[in-house]
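The structures considered in this document are given below.
Here come two complexes built around chain A, the first alongside chain B, the second alongside chain C.
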Partner chain A sequence: MDSLVESIKMAIAALTANKMRAVLTTLGVVIGITIVLAMGWALSGLDAALEDTLAIFGDDILYVDKFDWTGRRWMEARNRKNITYDQFLKVEERLQSPQYVIPTARRTSLDVRHENLQLTSTTIMGVSSDYNAMLGGSMAEGRFFNDMEDNSGAGVAVLGNATAENLFPSADPIGKRIRVNGIPFTVIGVMPKRGTLGADMVDNQILMPLKKFFSLYGASSRIVINVKAGGTDRLDEVRYETIGVMRQVRSLAPGQEDDFAINTQQAFRDQTAQLRFIVYGVGLMLTGLSFLVGSIGIMNIMFVSVTERTKEIGIRKALGATRSSILLQFLVEAVVLCLLGSLIALVITSIGAYAVSSWLERSYELDFLSPFIPPSQILLAILVSAFVGVLAGIIPAYRGARLDPVEALRSE
Partner chain B sequence: MAPSTDGTDDSLIELRGIGRSYNMGAEWIYALQDVSLKIHRNEYVAIMGPSGSGKSTLMNILGCLDTPSYGEYYFAGELVSAMDDSELAAIRNQQIGFVFQTFNLLPRSDALHNVELPLIYAGVSGAERKERAHEALAHVGLANRVTHRPNELSGGQRQRVAIARALVTRPAIILADEPTGNLDSRTGIEIMRLFEELWTQGNTIILVTHEEDIARHAARIIRVRDGNIESDEVNDARAMSEDVQH
Partner chain C sequence: MQLTESVRMAVRSIGANKLRAGLTLLSIAIGVFAIVGVAAAVGALEAKVDDQLSAFGRNSFILQKDPATHFGDNSRYRNRKDITLRQALEFKRRMTSAQSISLTNVTMGAVVKYAGVSTDPNINVYGTDEGFLLNADFSIDQGRGLDPRDVQMRSNVAVIGAEVKTMLFPHESAVGKILTVNGQPYTVIGVFNAKGAIFGQSQDALVVVPITSAAERFFDEWGTSISINVRAWSVEALDETVGQAVGILRAIRGVEIGAENDFEVITNESISETFGDFTKYIAWFGLFCGSVALLAAGVGIMNIMLVSVKERTREIGVRKAVGATSNDILTQFMIEAVTLCQLGALIGIGIGLLGGLGMGALIKVTPPIPWTWVGVSIASCTFVGLVFGIYPAWRASRLDPIEALRYE
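After this line comes the complex of A and B, so read on.
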């Protein structure tokens, strides 16, 4: 143990004797660890954002559409018949297991106005009155429309959070009038902010009673049925029942394939899992590459170090140092070098993380990136760099240990 | 394997028919050929010879820095010539104290740390180490130079640090290779006086030199030439001067 402490002291002394060289040598390691840490940090932030995004879909909701949202068999799906409102009614009647069954229809409007402000691309959603209840029921302002407004197809609108901010930057939207494609609506509520990264579209919408939607866009608009299972453990059961009922309602014969799709959050998760795998893979490769470069640098400098100190090794051996002592001494030096590199990388990455995260939050209100590097990653980086140190240092250290003391003492 | 005892003595060092050859490319160099000798405790021996005589090779073998090509080397009754590297390292650490011509101190460490070094390799704990190192430095008269680096010390002081380092593990022998070679004559005399003191205190001293004046300090002179022992005699000049003093 004592000799380990001694070796560490000697390693630090050797490094401080030549600080410039030590720092330059660790450059490769610094870059490698910086990449590792930055990647880990960004990915965990993105993962968090992804989770937020997926959460919008609700982990226990089935979206029954003629299209498969992961893009499978899209050409074929285009030719399928829309799910109609009538079909929805039948499905709603027959389904027993779910918590909610809700019809939704969607279009994009190029013309949403309030006084002299115009929005050129807003999602218009026609839904039933219990839509917000399915989502959890909270409102940022005002209220959702009720059964009566739903049945009568009243001209009332609930604004998504971003739409409200864009159309009413300074005023309170409740009670005000807007026009969608020229048709007047009264704003009765504003949805809470639901999206983060790529899913901010969900805040850029206007919700209206489905009947009113039909009067704008026609009654044969494509319907997506939202089926909320009421718990992820019930998903399979509800899915099973839904497929059965849909097949009935769509009059499919026993051998025929489904002409609709059940879309879930899990399907997206699986898709993104592939993407994440690729990103991780590329990141890992980059890291591996820079570690390779870094460890070559370390190995190189360790060879130089051993050569420069050949005489010193001879002296130590004459005084009784065993081969393993010499080996340990130089190995520790290599590891300390690598740890120095990871320390530098840590400082750089921490500053960077804090700066980038603050800037993103200030300029874009994106808060998915944490300003701090998670301790587990720091630990991993330290362990990996120590490992690289041992790997890079072992050959030079071994060479040093095996020097013949007589020859070594003779050298200059 | 226990050495065969002649039953005649318990010599500290015994060489039997030691030889050392090197292969330098196409040539073979026979640095030592069939050397036999015995050295006892508390002897003061000088090994003398011109350069190329094999005296350095002999010293390296005595100091367990090098292994012989043939022959046997017994140190305190144990067959050293058959030992492996870590056993040899242990002997160098605890039984042998080296003093070199060029001092060979670690330049970046202070005197105390230099003297400590053998104790570190011996596994002695921190507090005891420091104490013994202080003691050794005091013994050679450098108690007030403990924190100085080699480049802050004169040649004579450096060699004294080296001697303190050689003494710190209380070794069986002190092996000095041209200890005054890099010193001026006055400092050289001081150092030889120090060796004299150490000998009086009971240490066994083996001096390797090519200078007659230095060799004459020893009680016994072994002359080496062309890889062989030319003569091995008591130093009459010294014996005589001792008589005169008494």
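After this line comes the complex of A and C, so read on.
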């Protein structure tokens, strides 16, 4: 222990004796670690944004549709028969295990007006009255439509958060009349904000009773059945039951392929996993090169340091220093350089991360980047830089430790 | 004369301290590798796409319902009507200024059977005509390809891909045999040469039949939209031919004047532009990372040059004493720094190009040498050498010869 403290003291003395050199070596390490940390920070921000986007789907909801949402066999799925409302009714009746079974139908790019404000490309969703309960039941304002309104096909509408903001920039939307492609609706509620950077379409929609949707666009619209399992642990069970029931309802013979797809959050996650892996790999590898360069700089300067101090090593050895204490002396010097570099880099990236994320939030309302470097990354950066210090220091240190004291003392 | 002398001295002093020089070179090479390696890898990807595109032909374009790639909002083309066989045939009749016109409709995931053996449901069935061979860059291994008569007569004949051949006819000739495609009998008239896989996807799991036959047998069941592949007489005539083709197809589909096209025109350029936009970002990212690494390497060079100046104080003193000017000393150390950097750049370029070649070998393409990026890295290395070499060189040039000579 004593020898470690002694070594650290000696390392600091050696570094301050040659300030310019120490500063430059540290600077190389700082550059390397800063860019790796910044990259890791940006990647984890993007990752969080992706996770948020995936969370919109809900981790225990199955979406039964004729299309596979990841786009697999799209050409073939296009020609499958729509899932109809009648089929939904049969599925709802036969499914035992799920918490909710909800039919949804949608139409895109409709034109919505309130007074002289007009929104194009709004999506209309026809859903049953349980829809909001399935999503957790919260409302930003007003209320969701009830069973009665659903069954009677009342002309009421619940606005997505962005739709409400765009259509009613200053006024309270509740109770106001809007027109969807000319058809009048009364606004009774506003959904909470759900979308993220990657996916804000859920906030740009208008929800209406499914019966009303049918009366406007026909009862043969393509239905997507939302099946909420009520817990991720029950997802598989519910999935198998749903597939079985769907096959019965769609009258598929044994051996025939499914003519529908069960879409889940997991499918998207799996699909993005490879891309994520590549982005992470390429990003960290390329930035890691700078770190490598920084540590080569340390190694180089440690060699110089050992050469210059050959006489000192000889004297220490002559006075009884062992090989291991010489080794420790130079190793500690390298590790101190690396740790110092990583500390400075941490300060720089922390300030940078805070500045960039708050600037993005202020100027563009983008809040996916965290203003802080995640602690796990900080820990990792420190550990890795200590490790790299050891690696970059060990060969020069070993060289110093092996010097023959007689030869070393004689060196000029 | 003086310059060659300086360069020779620089090389000698680099050689005198091999370990130190080696590590410095390595750090520069790493930065350059990031720039050139990424650019070469991107070049390989682009070459691959280009390869695929030139098979399609520089003077060809496609008219079809859906765009080649689509993201997000698809409302613009979701409700478009299919391009029907009738429209496509009418187009072929009216469009007289093209070199060739070929119609294609693809049905994915078909099952092909012969003598009790059936394939997985992953065979693509192309309903097409005699133009397919040229447009899709296939060649015939055995038998023959489709000819105009097959299309006219709605013959139930098929040309099969190499993978289908090996699966169903491992030990016999396929030509003349009758197989079924999703239950419909077809006589095999030819077998394609194998093209191999691209990005893990086999290109040989296909069956090609006359489009008229496909229309009769499959179109009720599956998608019916037809892609029209038009080949202009020359690259120069491409724009004009596109204009005519769009006019004719608009007339056939009854698009009103002033309304948008209700179909897509896909040219070579539109595809490679989309891809080029994407790869450009990767190359820029490589440049950014490489530059940061070079910056770190530059700091390292400055450090090691300072050490070098200090160690050679006596030498500098001697040179000054026998008449070297401050300028001579400055040049000497500047040239040493720049030479180090450029040597490092050469090594980095070598490794980077090798990386690109490896990437190219992986996707079976010869990548072009990214000369621009090679130039960029040599220039930036020279720049790094100058910027980080100047301070140590200046310090060396300013040494007082008397003090320097006395230095131990």
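The criterion applied here is as follows: the second predicted complex is superposed on the first by the 373 of 412 C-alpha atoms of A that agree within 3 Å, B and C clash if a C-alpha of one lies under 4 Å from a C-alpha of the other, contacts with A are read in each partner's own complex, and residues count from 1 in each chain.
The working rule: contacts are C-beta pairs under 8 Å (C-beta built on N, C-alpha and C of every residue); 3 or more make two chains touch, one makes a residue touch a chain.
What you are looking at is a predicted structure, and each value in this text was computed from that prediction instead of being measured.
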item	value
Contacts of A:Gly32 with chain B and chain C, given as first, second, both or neither	second
Touching partner for A:Ala17 - first (chain B), second (chain C), both, neither	first
Partner chain(s) touched by A:Ile382 [first = chain B, second = chain C, both, neither]	neither
Partner chain(s) touched by A:Ile8 [first = chain B, second = chain C, both, neither]	neither
Touching partner for A:Leu252 - first (chain B), second (chain C), both, neither	neither
If touched residues of chain A are counted for chain B and for chain C, the larger one	C
First, second, both or neither for A:Leu319, with chain B first and chain C second	first
Touched partner set for A:Ile183, first chain B, second chain C, both or neither	neither
First (chain B), second (chain C), both or neither touched by A:Asn300	second
Residues on chain A lying within both footprints (that of chain B and that of chain C)	none
Residue ranges of chain B touching chain A (in the complex, touch as defined)	60, 63, 65-66, 85-86, 89-90, 92-94, 98, 100, 104-106, 108-109, 117-118, 120-123, 125-126, 165, 169
Parts of chain A lying in touch with chain B, wherever the complex brings them together	2-3, 6, 13-14, 17, 311-312, 314-325, 405-406, 409
Chain A contact footprint on chain C (complex, rising order)	19-20, 23-24, 26-27, 30-31, 33-34, 38, 73, 75, 78, 106-109, 121, 221-223, 282, 285-286, 289-290, 292-293, 295-297, 299-300, 302-304, 306-307, 408
Parts of chain A lying in touch with chain C, wherever the complex brings them together	20-21, 24-25, 27-28, 31-32, 35, 73, 75-76, 78-79, 108-109, 121, 257, 282, 286-287, 289-290, 292-294, 296-297, 299-301, 303-304, 412
